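This is the structure, below, for whatever I ask next.
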Amino acid sequence: RADGDVVVFAAASLKNALDAVDTAWKAEGGKSATASYAASSALAKQIEGGAPADVFISADLDWMKYLADKKLIKDGSEVKLLGNRIVLVAPKDSAAKADIAANFDLAGLLGEGRLAMGDVKAVPAGKYGKAALEKLGVWGSVEGKIAQAENVRAALKLVSTGEAPLGIVYQTDATAEPGVKIVGLFPEDSHPPIVYPVGVTAGSKNADAEAYVKYLQSAKAKELFEAQGFTVLAPVQ
Amino acid sequence: MLDLTPDEWNAVRLSIKVGLWAMAASLPFGIAIALLLARGKFWGKSLLNGVVHLPLVLPPVVTGYLLLLSFGRRGPIGSFLDEYFGIVFSFRWTGAALACAIMGFPLMVRAIRLSIEAVDRRLESAAGTLGASPLWVFLTVTLPLILPGVVAGMILSFAKAMGEFGATITFVSNIPGETQTLPSAIYTFTQVPGGDAGAMRLTLISIAISMIALVVSEIFARRIGQRLDAG
Amino acid sequence: MLDLTPDEWNAVRLSIKVGLWAMAASLPFGIAIALLLARGKFWGKSLLNGVVHLPLVLPPVVTGYLLLLSFGRRGPIGSFLDEYFGIVFSFRWTGAALACAIMGFPLMVRAIRLSIEAVDRRLESAAGTLGASPLWVFLTVTLPLILPGVVAGMILSFAKAMGEFGATITFVSNIPGETQTLPSAIYTFTQVPGGDAGAMRLTLISIAISMIALVVSEIFARRIGQRLDAG
Amino acid sequence: MLLVDIHHRLGALNLEASFESAGRLTALFGPSGSGKTSLINIIAGLIRPDNGRIAVDGRTLVDTASRSFVPAHKRRVGFVFQDARLFPHLSVRSNLLYGRWFTPQAERYAEFERVVEMLGIGHLLARRPNLLSGGEKQRVAIGRALLASPRLLLMDEPLASLDDARKSEIMPYLERLRDETKIPIVYVSHSIAEVARLATDIVVMAEGKVAASGPTIEIMQRLDLLPPEEVGEGGAVLDMTVLHHDENFGMTVLGTAAGEMRVPRIARPEGAAVRVRIRARDVMIATERPKGLSALNILPGRIAEISQVDGTQVDLKLDCHGDLLVSRITRQSFETLHLAVGREVFAVIKTVAFDRANLSPGGAACANQRLTGASRCHL
Amino acid sequence: MLLVDIHHRLGALNLEASFESAGRLTALFGPSGSGKTSLINIIAGLIRPDNGRIAVDGRTLVDTASRSFVPAHKRRVGFVFQDARLFPHLSVRSNLLYGRWFTPQAERYAEFERVVEMLGIGHLLARRPNLLSGGEKQRVAIGRALLASPRLLLMDEPLASLDDARKSEIMPYLERLRDETKIPIVYVSHSIAEVARLATDIVVMAEGKVAASGPTIEIMQRLDLLPPEEVGEGGAVLDMTVLHHDENFGMTVLGTAAGEMRVPRIARPEGAAVRVRIRARDVMIATERPKGLSALNILPGRIAEISQVDGTQVDLKLDCHGDLLVSRITRQSFETLHLAVGREVFAVIKTVAFDRANLSPGGAACANQRLTGASRCHL
């Protein structure tokens, strides 16, 4: 890591997309960026602990707010960068079919099996999934059948190995995983918007940080993000 | 501090249960493998040694995935055990115990092995001349002499189970009342802003349980030690 | 299989460096604490024992947070060390080494302690009558006799460092070339679609390194064993 | 009946032992490092010999030719190790009783109380071995081996760190074991007194080889086999019969071909066979029957053989009506007294020269002699 | 000069030892479990006594009253343990040289080659201790203690598992150590022969207490102190002078107040002081001067004291012109010969009764007697 590098603390699920964006930025004459991928929670606490991060990209709004409340994010630098969808997946050899709507028979689809999803209190995808199921009125019928995973990738694994007959994961993960098929897409209004916010840390002394955040909102970046299945929320600059 | 939610109480109970089972169930294997590694001379010993150490070397998440692949519902071992013995690990507390047992296994084996290697083999041959068959020699001489190592291995395994989280949650997920152990519950708290107090509370409970286990093991170990050498 | 990216090579090199440093730096403390726990009689011994076991008992994430809070740039110990000795742990490879050393510490202490408890103290008193002061007795008699435990403790510490991830990534994050060790790199791969192959590749490298370390330690241990009892 | 014919390499030592011992108690005798312990380890089955054969009372324990090997725990040996090797995790009592678990009820001949009393370890039963004194450990080790009621007893310097009082309580027990239960015993010792008293046969080892072996009576007469320091302890071993007891003076009169012999009172019935060791250096020669001398035993005999030991001492073999005595005198006396083969002289032996260590009940040696077909027993 | 006055509780044993020994070699003698090892552990500093004081040559090692305690490693003791306690991780050579590191150059008196040769362990130097035989271990342990060039040598049954040939190579070395380097030695042994030869002073222990202590000459005459089995070994210890050597017959003539005494040739110059142990059972009594007898030493003397041992044996003390001899005879002889105090008799002693174990150079005992102010040395 060179000294002038922009240090980006990003949610781990962004790795593929962000690596591509970083490469592109450098190729287009920007500086190099060094990304540290981990859980949003850990990254936020590290920034709180004085980490040398210039940019923070969180997987949900909560941890960004956590830092902003502590005045650790530069005022006005915060941008709602990316969006995502949550989907219901099943192992690829599954015959399950679902029409996701209010009061759909999720419990019946599960049978004896369990519904894999991220931790409903801790993992963003889990939180969105729970909200959606509540909104659709099926939470009560499946609450006892949830298998909460450490992160959304682990939930995906539970489905792809056939451990769980169904799971709720991000669309980005589901499309890229050959072991699962998408059974249904949750309506966007069934849960709070899925947002990946970005912000420059208050402690950043790197002049390129702002430029980097700006580049994340560029057309090229948009193309790269969308290639990984994200929706880009921020208007192209 | 102790006004826990029912789920948290469940996590405490489950953690103790999982820890004890992980410790107890891995003990015979731990002793057997330690014996094999300490005494055996066979092809593939290095390999066995390597495999035993794997859970230490691999990131816990990887161990969890590997468990999922082999002991899961569709995994070769998992489906075999299910079909012929009716043993199911996936999403059960038994799976958590399996994960903890495996994560603690290298620690247990190493402790027991160290003790076995320190045994004065002349005592074993003395027992042999008195008519004890190798099995009896093991039970009446070797085993009592390696008790310090066995106790150390057990406490390490239990303590590890109290802290194990990565492999467990990956393998059997985090189902309150079924597979949500203390570390999983703590993890959940650490992942939400403002969860620090809850995490701290559960952490202290976890520490308290481990402390009690430690103290008990130390008392036990001291007894053994006094018996073995008060010279 | 071995066409690693520069970042991955960095992770491999860094992991070895961190593992070796964690092992080497914790060794003197490990021996001292093991000695204290095995031989000492003092108030608060149970407490010390408990503290030593903490990293085993706590979920690694918690340990990582505690490290962040105490050894971080703004933490009390971290700022003290920075100010007076210029030692900085936070977000440096030294921090990764510290995290690994602490996570492996209970394993190292336990192994060494078991060996110390197995030492025939009459040999130490024999050395004493020959004029050796307690320090010399320790260096020329105790230390050689506990070498098996020391080697076991070192390999456990190194192996643990090769697999340690939770505390490290929480404490010093996952910065390529600086704090991204093999387990962190593996973790990152598991978090993205299509990362399995990459994770597998790095896992195999990690296993290979640990295997080499294990085999070396076993050869070393066998030598020592032969010297100590070929009876 | 012990048959040993083995070859085994141990580091620099080439252990090559081949002997046959018909006796019930075979002593292994030889300098430090000569391979005694290694040999009994092989007999016990703790070392598998490179090649050779060992059989006890017709039972083959190991035979490399036929690839048979009885594992140690099936040999039913009682092994008293040179280092006691007590189990540190068991009390003295449990140590003592350890072998009993593995002994069929019917074959238990050693009685706990009897052995404990004989060894004087009753007050130690509840203790842990690690706090015992050296001699206490050794006694417990002896007890542990005995209480396994073994069919073959191997004792590696079992009495080395015991005081003589204790020794003389243990030795009669070993004698009874040897004579009554007929348990074959292999006994390593550096003490000629012990060996002469207990052994029916002696195997002298040197540098891993058997330098000599044979019945005690024969080996003890060959003063050349003994290390220089022990020569004074050598001499004749005679089997005699108790004629009667002189209760007034506390003496026992023994009958031998050579005449009567007065020894301190021994607790044997009249007519019983007794074995007597007469040290060569305890036998004086007189050319005329001495008068007014405190020595009570004066036996007439004829000089049968003369051998010079070195320039200064002479060994004489006296034929006393068939019994053979050995006497060691200075060359000065030899020349002064004009001794020569065939000359009639008197052997003078003090009664107090016979301490208990020289008197042992039972003509075990004779019994064995008969077994091997030899007839020199009352020669 | 060794001063011991301690009290220490060890489990059931109440160790209460109080004695003062002016001699250079103090033997601890007593049955198994009587506290000998515990006592030298206290002298070495391995056990801190409950209370009491120990001083060697004026240097206080421990004194609970003044709370002074010299730690073991500063005492410069050479300790030969009852169990060898060799360092298993070091070769025999490194074991031997271990203590040398800690000995100031100027104080190293033990020569490596000399000690190794004397102990016959030259061929073992490269070996690891665990493969040594029992006797080999013991010899290395002796060597290790000696090569630390200690200022106080503690030996706990150092020769117990050695054969007599080896013993007789080591004993002269210990004698030289005792007499020439003046290193005080505390020596635990069960063998009266060893004790009589080496010790200047004897401490008899029983059940943790000192039953008797004093110069060897005195203690050895008190046959009642000896265990019954060892009584035959007791007797007089006399200090004599070499008068001349009889090269023809390989004998040495010693002068004593009682007359001349012929013993096997010893390698000491004329005029040298020699110490002779004469076992009570080797001394016969004759009422008239025997003729034609192979015994060369016939000393006239007067019966000074008569004591009955038991009903059957009688101990006589003979005053031979000032030298005191002890003789043990049967009561039968005693009565037959009409012996009584004051009667003039002859003491008859075979020359061959003196084996090397009974002859030792140097009048160490006398030297000590003078130190303690006693004057019975040539009594």
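In order of appearance the chains are A, B, C, D and E, and numbering begins at 1 in each one.
Quick note on the criterion: a residue touches a chain if its C-beta (ideal position, glycine included) is under 8 Å from a C-beta of that chain, and two chains touch if they have at least 3 such contacts.
The chain list, named the UniProt way, goes like this: B, C = Molybdenum transport system permease.
Note that the structure is a prediction, hence the values are computed from the model and not measured.
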**Report entry** Touching chain C and also chain D, the following chains
**Finding:** B, E
Report task. Quickly list, by label, the chains bordering both chain D and chain E. Result -> none
**Report entry** Chain separated most widely from chain D, comparing mean CA positions
**Finding:** A
Report task. Sort the other chains by how far their Cα centres are from that of chain B and give me the top one. Result -> E
Query raised in the report: Centre to centre, by mean C-alpha position, how many angstrom separate chain C and chain E?
Result: 58
Query raised in the report: Per the centroid of Cα atoms for each chain, what is the distance between chain A and chain E, given in Å?
Result: 91
Report summary line: Between the Cα centroids of chain A and chain C the separation in whole angstrom comes to 34
Report task. Give the residues of chain A that touch two or more other chains, as numbers and ranges in rising order. Result -> none
Query raised in the report: Among the residues of chain C, which are close enough to touch at least two other chains?
Result: 61, 65, 122, 187, 190, 229, 231
Report summary line: So chain D residues touching two or more other chains come to 83, 131
Query - Full enumeration of touching chain pairs - result: A-B, A-C, B-C, B-D, C-E, D-E
Report task. Could you please specify the touching residues of chain A with respect to chain C in the complex? Result -> 1, 7, 9, 12-13, 15-16, 34-38, 42-43, 45-46, 49-53, 151, 153, 172-173, 175-177, 228
Query raised in the report: For the complex, which residues does chain E have touching chain C?
Result: 44-46, 71-79, 81, 83, 85, 87-90, 98-99, 101-103, 128, 130-131, 144-145, 148
Query raised in the report: Inside the complex, what are the residues of chain B that reach chain C?
Result: 46, 49-50, 53-62, 65, 106-107, 110-111, 113-115, 117-118, 120-122, 148-149, 152, 156, 159-160, 162-163, 165-166, 183, 186-187, 190, 199, 203, 206-207, 210-211, 214-215, 218, 225, 229, 231
Requested in this report: Enumerate the contact residues on chain B facing chain A in the complex.
Outcome: 61, 64-65, 68-69, 72-75, 90-91, 166, 169-170, 172-175, 187-195
Query raised in the report: Of all residues in chain D, which touch chain E in the complex?
Result: 11-12, 30-33, 36-38, 82-83, 123, 127, 131-136, 138-139, 156-157, 160-168, 190, 227-232, 246, 249-251, 262, 264-265, 280-281, 284-288, 290-296, 310-313, 327-335, 337, 348, 350-353, 355-357
